[in-house]
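Two complexes, one shared chain (subunit A), two partners (subunit B, subunit C).
== the complex of A and B ==
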């Protein structure tokens, strides 16, 4: 069953990747600027421009260009930056580490906090704490990522001077690295905490009326143990699923958080490449981001399948 | 079965009575009406020209002369917010409507013609697994920064979920007697879909659109913030935040005010959407 599920996900994902490749290619053809002119610089003569164009293959028919592009991709050749000639693959591998760091830190903050808030709200359902937590959740869901980021920069970074607000301080296991990581990760966590808290509460309330919970209570188990050991355990599956569904929003958040905090990651690389018309770099980063999104979704499907045998059917 | 019958009056009255008991919902509704209304009256309400710069009134904090202060080029922020809101709302609406225009027929066709179901819904899966911001980035790269790119990406972000919701709502009625009966008396498929199937999808679609609209505004503002949307000096909320970003130390209000407006707008849409869902379509989880 699990294999079937995996096969289905991969089969669905292939057209997505093809679509991304096609889109990336269309991007290259449609961009109004002339890549040869960017590469050659200002002192280019028409002869030099023509030579670069034929080297790049942009003087050929569109279909042939697409074919050559696909062949190059299959050989792992993603081209070079038009701005500084760096290989796209090198640049992507250089930036993927910091982005994964940020993602990891975000999940470490958001999952326990979101689930914790959801459990608290369920324990005091209908009361003031419940309402306060749900209000926090809906405000968090409505706040643009750039606003969370700017507020944290302004309050924690500038007014309190407590934490650095720009760039990466070093590897994640050093003090400087961690200090730099906190604010971007907190910013990004706000994308997840609200939805996770709401989903945890909803699915816990759904489970709370089930027979096995009543049995657990009637056996004299304490309320706290019933909530965490019986209710929460069974309510976690929709929450895990939700994290997968939120992966798209998270990706958007990463792009913005990296831009605001000058985090040297893949998202910022993509934005810079697009705004500076660096087409090969833009294509490469978008393709890679889409690929990682597909992988995340397959992973979430597998985890849900492991947690809940019922979800394994396609 | 007319279109009004798809939303039972008991649910509407439940909504109205909830409105009486829930002050936050009240405030959200009033806020929404005020924000949308003032955006459409921007031409009359704006105290200054939103793109008129002034060297003498640069980065001024809120005062009686400039209610929300001025930005780094001396432009009145209140006027820019009003015009920016209009653009933001129009972009969101255009994206939502174009997305619905594709998504609703797709969902109805999938529900009504079982042979198309598999192919159409798998196609929607493909679109759904493409993150909206990524699509926005790619489109901006392809058509260049501007309004067109944003509207296209908002529309694409709407199509697949709208198709899914329409399909599941339509599936509940396509085999009921009144639809089978309509087919027997010789109505064409198009007439049946339009008169009998679509009205039964409206409650779910209203809820979806309200909740989705907030998300679309966030998405559009994010794309503009990244510099992929409307080019300055045209006022747009995301662009205003991005321009005020560099002056966070000296004049934080330039970035914080448009942020707050976006937050209030999206928050109101979410609260009203939640209430609509509880009243019209409790099963729906968007």
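== the complex of A and C ==
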């Protein structure tokens, strides 16, 4: 049943990926820059430029270019960087690890913290704790990633000197690696904590009025168990779905956070490639970022299925 | 006669539109061991609020006990702290709710929901609890009980779910069962089956029970005594025979007249005119007077106490009926 569901999710994700490929292609074609000029450098003669264009195929009709692009993608050929000739696949595989680290750390911080704050706000609803948490959530949601990042760099990194603010310190399981990871992950977490806390609170308050909560209370199992085992257990379903919806913001945030913190990941690679008109590299990174969006949403669907028996079996 | 549960002067208020209005007024009831007390009344009569008060299950911020005491085992449940209530909930007092469709947690397996209370209280091991759940499901005549334990509520029909609720409420062998309209949401045929299960368990276990219903038809079969509620007050209380054969309060008589059993064949069923007064309506004297055929200006406008008519038979009316109501036997 799980395999069926997984297969179904992957199948319905294919059109999304196709759309991303098309969009990435169109965007880079529309950019008024000449890849041949980038490759050839300043001193190139018109003849050299024309030759490079015909080698790249960029002098062909757009439709044909797209067709060739698709055929190459299906063969696993994502092309080479216009800047330094490195294979796009190599660059992506090199940078995807650090990005996954960052993503994982972010989720590990944001999900428990967001849900925890939501539960606290619910338990003390209407009180000072509730208001403080909700205010924090709104501030966190409203602050752009670059601002949170710069604030954290300034306060924690520069003024307190507590944590490193630039680059990656090593693999995630080393102390240096973790120390470098904290600030960028915390910055990104702010994108998620607010929405998760608010959604947890809202859906817990909604679930709290359900009849089955009264049934649970009538069993004499204690208020805490009613709140966590019955109210929260049901309230998690919309919260997990929200995380899937927020994945887009998260990926946008990754691009910014990696740039601010000089994190050697996929997001920074994408920014560099786009700003330097490195078309193949830009298309490749965009495609992989979109792929991770799709993967996150498949995971969210699977987790929803685990949480909610009614959602199982497609 | 010893009592298991004693409710004295219970008043419950509800919040509506920022105002606190009385919904249950000075209700006193008692239940003896092994006795079935039926609380009968229309929607809005306060019968469910009374029942919910016993286990402290009134919705916070919506309704609260404003006065009175609920004595069970020497504890006053009306003022009890949560941990005292939790000591009685499930173990001494079980409860069945009106809506089997929404009364079970949709994301937990049936078996886990049934045994949760037992397991949390460390009454028995998980394996033993599961065995008991299986026995309980068999007891309430759920088909294929072994498989049901691992199913989710949405995989069961309404009647099955209400049986599960009964099993859940009785798993720890409570002494008192509160059944709040246990069959209202079910099909008529299923209703009869579920009632049969309830009745059977009640008799076999000598269970005390408070049966909340608006259906007088099911009362005759199950109850020992009846309390009729109207607009937050008890208007008549007595044994099943008292109430069903010799009702005295015009409201009780009105309720009974609506039943097919009490109207001659071929005649239209009687319909009681009017409706229950709104909570914020100010009424002096008898709360039923606006619908009462025997209303008399003056005496009926002064506060009316519950008047003893016979031992155990009380009526909140100064002009009670004297004659017997004739039950018509349909061929």
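Everything that follows uses one rule, which is that the second predicted complex is superposed on the first by the 292 of 314 C-alpha atoms of A that agree within 3 Å, B and C clash if a C-alpha of one lies under 4 Å from a C-alpha of the other, contacts with A are read in each partner's own complex, and residues count from 1 in each chain.
Note that a residue touches a chain if its C-beta (ideal position, glycine included) is under 8 Å from a C-beta of that chain, and two chains touch if they have at least 3 such contacts.
What you see is a predicted model, and the numbers here were worked out from it, not measured in a lab.
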item: Clash or fit, subunit B versus subunit C on superposed subunit A; value: fit
item: Touched partner set for A:167, first subunit B, second subunit C, both or neither; value: neither
item: Partner chain in contact with A:252 - subunit B first, subunit C second, else both or neither; value: first
item: First, second, both or neither for A:57, with subunit B first and subunit C second; value: neither
item: Partner chain(s) touched by A:146 [first = subunit B, second = subunit C, both, neither]; value: first
item: Partner contacting more residues of subunit A (subunit B vs subunit C); value: B
item: Inter-centroid angle subunit B-subunit A-subunit C after superposition on A [Cα, multiple of 10°]; value: 80
item: Touched partner set for A:127, first subunit B, second subunit C, both or neither; value: neither
item: Three-chain overlay, closest Cα atoms of subunit B and subunit C, distance in Å; value: 12
item: Shared contact residues on subunit A - subunit B and subunit C; value: none
item: For the subunit A and subunit B complex, residues of the former touching the latter; value: 12-13, 15-16, 19-20, 23-24, 26-27, 30-32, 135, 138-139, 141-147, 150-151, 153-154, 158, 202, 247-249, 251-252, 255-256, 259-260, 270-271, 274-275, 279, 282, 286, 289-290, 293-294, 297
item: Contact footprint of subunit A on subunit B as seen in their complex; value: 24, 122, 125-126, 129-134, 137-138, 140-145, 214, 218-219, 221-222, 225-228, 238, 241-242, 245, 248-249, 252, 255-256, 259-260, 262-263, 266-267, 269-271, 274, 285
item: Subunit A - residues contacting subunit C, complex; value: 209-212, 214-223, 225, 229-230, 233-234, 237, 307-310
item: Interface residues, subunit C side, partner subunit A - complex; value: 55, 57, 59, 82-83, 85-91, 94-95, 97, 99, 102-108, 116-117, 120-121, 152, 154, 165, 168-169
